[in-house]
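Here come two complexes built around chain A, the first alongside chain B, the second alongside chain C.
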Partner chain A sequence: MRLTLQNVGKVVNGKTHLYGIDLELESGSFNVLLGPTQAGKTSVLRLMAGLDRPSSGKILEDDNDVTTVGVRKRNVAMVYQEFVNYPSFTIYKNIAAPLRRTKHLSKAEIDVKVRATAEMLHIERLLERLPAELSGGQQQRVALARALVKDAPLLLLDEPLVNLDYKLREELRSEMRQIFSYGTTTVVYAATEPSEALMFGGKTGILDAGRLLQYGPGLEVYHRPVTARVSEIFSDPPINLIGASIGPQGCRLSLNVVFPLADHMRSLSPGDYRVGIRANQIGVVNRSGNGIVIHATVELAEFNGSETYLHARHGDFTMIALLNGVREYALGEAVSLYFDPSRLFVFDVAGELVAGPEWKPYNTKAA
Partner chain B sequence: MQKTFDNRAWFLVLPVVLLVAFNALIPLMTVVNYSVQDIFDSTHRLFVGTDWFKEMLRSPRLHNALWRQLIFSGLVLLIEIPLGVLIALMMSKKSGWKTSLTLVLVALPLLIPWNVIGTIWVVFLRPDIGLLGHFIDSVLGISFDYPTVPIEAWISVMLMEVWHWTPLVVLLAYAGLCAIPDAYYQAARIDGASGWAVFRYIQLPKMRGVLTIAILLRFMDSFLIYTEPFVLTGGGPGDSTTFLSIYLVKIALGEFDVGRAGAFSIIYFLIVLAFSYVFYQALQRVGTGEGK
Partner chain C sequence: MKIRMRTIGLIGYLTLLMLPIYWMLNMSLRENNDIMSRLAFYPHHPTINNYVQIFTDPSWYMGYVNSFAYVGINTVISLLVALPAAYAFSRYRFLGDKHLFFWLLTNRMAPAAVFLLPIFQLYSELGLIDTYLAVALAHTLFNVPLAVWILEGFMSGVPREIDETAFIDGYSLPRFFLTVFLPLIRAGVGVTAFFIFMFSWVELLFARTLTITEAKPIAAVMTRTVSASGLDWGLLAAAGILTIVPGALVIYFVRNYIAKGFALGRV
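Right, the complex of A and B next:
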């Protein structure tokens, strides 16, 4: 199903939750809505489901205006952060529940569907149990099965993995990728973590403070963020945004850090800018050979899995570098950080992207 | 490795031992002491073993009081639990001053002392000067005279009990309802579930934990009811509102028969314990493992 939002706004008690959102989701597409908490992701999903009515604008399913059609008459499935299952039903009955209410299927047909869906999510052995007897990961699998079994043309997922621990999240995420890779269902997945948007592929919409900042193929948005804010939302650890000025001598970040312009920055006129560089593009060794060095002092080194986030200060700005492996640093230790100027994003003072590092979509590169 | 022992460690548990002793053990043992002796005065007493127990267990007066009590507590549960849940369902789940005000108004009866409640209703129900009594008697034309008609005394005690304690069930059920994440209701709407289905398959199972507590509390409390019938008619007319505790007090203080009263107390205590245990076990098995 093609889902279209035309200038959709939502105002609750005088507070604007969403500002005129225009979005067209193709039939069978996988879409990630990425944004920090309170960005309005849940509000968008609720409108898409028909749980709420928009205050302004139109919602179309294919070419039918469904703006005022209630949730009961729409055919959608939704999965939530909370593990929502009927507490007193067995897993089997839970998965079968949406089928019994919406379609006229025989018992045998329901049975086939329930078992096939349960198998897909690896919960076929739990069918006789009750939700409270399962682990969180298993409960969320049941909730997913309940959503998938419906075969609804629109599937909405509201941060379904956020309440799971790390291992379970990874496991379920990679399985979901396979499940969603076939089928004609249009999927909308709300997420706060950039890695989820990248992992699932498909398209990504960046939502912030009730506004849709950018929508397009995930990698394109990642490599060509239209504004500094988009790059911030789509980077984890946060992208380093540093004030810079471009003049005859090149690009200046501070008194000591001045470097010649990289190719993609040549066309910029002199003036003040903000440059952005992702943490994974900063290292402690000069890998590319043409790296620019910044001498900084360590403020914090935190470990995340087998990586290290190194926070270091230079002058009046702090940088975060993402280093492979667990590395220990002492507070106040002097470090040399290197970055390749060809990897810099340049934003103008208003935050619009004016120059980005070289990037070509994979398909065109191969061609 | 050698373990070291320091008997001074016993001092650490002393406060708890003392508290439990004075709070529970000593009073209970006093009752046990009474229940196995026939006491004539402070110096003359006779050990009678289990005689009082045997006698009390065969006492038709106790049997009658027990039946009365069981019917009363059963009716109390049948009225208060559904009524409390119904009121809780009607209350708004949104926070705000209106909700706060409703909660305070609902909880008001819980804040009034037992004796005062009894007195309020005694006056309220009197056909000559009471508002409700006069209304029933004169306006509705139904003759209402609780001091002399047993069934009317029963209805009056029941009315007081329901008025006084349904709010507790409301508060518990309301807390249970508020704890249900909004996602459940959304999911139910998406599934096209009816209002009844939402209640039966989401709200009721999710309230199981608090309702178990509500049922246990209301059962135990109504099983021990004393003040209301005492203030209203003192257990009358006749023996019609002589529930277990009224009967117990009649034996213990009215007839000063501490031996029988002691035996009765222990039997009473064991009955409450047994019923509560059965209720708890039964409620744990209903439906699901939810709310454990």
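Right, the complex of A and C next:
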């Protein structure tokens, strides 16, 4: 199903939750809505599901206006962040519930579908239990199964993995990638983690404070964020945004670091800018040979699995570098950080992207 | 030593609490002249004649039947009215919802006697006097607000997402309510029924005023034993014991949820 939002806004008790959102989701597409908490992701999903009515604008399913159609008349499936199941039903009855209510299937047909879906999500041995007897990960699998078994043309997932621990999240995420890779369902997946948007592929919409900032293929949004805010939301750890000015002698960062302009910055007119460097583009060795050095002192080194987030201060600016492997640093230790100016994003003072590092869309469908 | 002190204290407290009930049980198993003639801490010649009389004399046992009848009708009416109302207060926002919710409770702030005259006059006009329905309806005035408050608390403890998931799955509201929602709050319904039952069971003013003979409750029947020859102590005590039993039974079934009920479901 093609889902179209036309200038959709939502005002609750005088507070604006969503500002005129325009969005067109193609039939069978996988879409990630990425944004920090309170960005309005859940509000958008609730409007798409028909649980809430928009205060302004229109919602179209294919070419039908469904703006005022309630949730019961729409054919959607939804998975919540909390594990929502019917506590008094067995897992079997939970998964069968949407089939019993919406489709006219025989008992045997329902049984086949329920068992197939349960198998896909590896809960086939839990069918006789009650939801409260399952672990969090299993409960969310049940919720997913209930959403999938319905085979609705629109599947909405509201941060379904957020309440799971790390290992389960990884496991379920990779399984979901497989489940969603074949299917004609239009999927909308709300997420706070940039890695989820990249992992699932498909399209990414960036939401912030009730506004849709950018929508497009995930990698394109990652490599060509239209504003500094998009790059902030789509980076983990956060992108380093540094004030800069371009003049005759090159680019001068507010850190008192001056370097000649990289190729993609040549066309920029002199003036004030902000440059963004992703943490994974900052290293402690001058790998490319033409790296620019920043001398800084270590404030904090965090270990995240097999990576190290190094927070280092230069003047009054703290930058974050993402280093491979676990590396130990002493507090206050002096480090030399290198970055390659050709990997810089340049934003104007208003935050619009004016120059980005070289990137070519990888096109598998060669003409 | 400390534990022993506490044990003694608790036993003493429990003895004080149980003493009147024990004394009533003691009296109910003795003959009248035995009760009047001497002090006995236990029945020396136990007899069940008092109980036999209650269970064989229609003017006695019909008191229990009448009480059960209007208490039952009242419990059913109150729950049927309060369940949808509590759901609405818990799930929907509508004009004046908070004021209405509070106004419900103010019905319990006035003494019952205030409502006695208008209700008696109204029911006389309608020919309802001396029927089960009269007492049952009068008691809903006090029980529906309480039931709405308790049920609303229990219902608000159920995440709204369950409702929404059910609607997404295609449940109609009545079907969702009966098959999914009610089982989730059955403890709350039980506790509410208990509170309704208890109020209606012990309420005397309305029950006595709105009935004459046909629907006379047991508590009113008990006042009958005052006669020219004095009180029939043993019979009265037996009736008292039998009146306590239903309440004790109901409490037993909801014992684990009563605290939550007293907090109006908000624990």
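Some observations on this one:
Here, the second predicted complex is superposed on the first by the 360 of 367 C-alpha atoms of A that agree within 3 Å, B and C clash if a C-alpha of one lies under 4 Å from a C-alpha of the other, contacts with A are read in each partner's own complex, and residues count from 1 in each chain.
Convention: contacts are C-beta pairs under 8 Å (C-beta built on N, C-alpha and C of every residue); 3 or more make two chains touch, one makes a residue touch a chain.
Here the structure is a predicted model, which means the values were calculated and not measured.
When both complexes are superposed on chain A, chain B and chain C occupy overlapping space and clash. Of the two partner chains placed around the shared chain by superposition, chain B is the only one that A:130 touches, whereas chain C remains out of contact. Of the two partner chains placed by superposition, A:192 touches none, neither chain B nor chain C. Look at A:80: by the touch rule set out above, it reaches both chain B and chain C. By the document's definition of touching, both partners, chain B and chain C, reach A:49. In the superposition on chain A, A:67 makes contact with neither chain B nor chain C. The superposed model puts chain C in the path of chain B at one of 43-51, 115-123 or 205-213, which is 205-213.
In the superposition on the C-alpha atoms of chain A, the part of chain A touched by chain B in one complex and by chain C in the other spans residues 49, 51, 71-72, 76-78, 80, 82, 84, 86-89, 97-98, 101-102. Looking at the complex, you find that chain A touches chain B at residues 46, 49, 51, 71-72, 76-78, 80-82, 84, 86-89, 97-98, 101-102, 130-133. On chain B, the positions that touch chain A within their shared complex are 181, 183-184, 186-187, 189-193, 201-202, 204-206, 287-290, 292.
If you check the complex, the residues on chain C that touch chain A are 159, 161-162, 164-172, 175, 180, 183-184.
In the complex of the two chains, the chain A residues touching chain C come out as 49, 51, 70-72, 76-78, 80, 82, 84-89, 97-98, 101-102, 146, 150.
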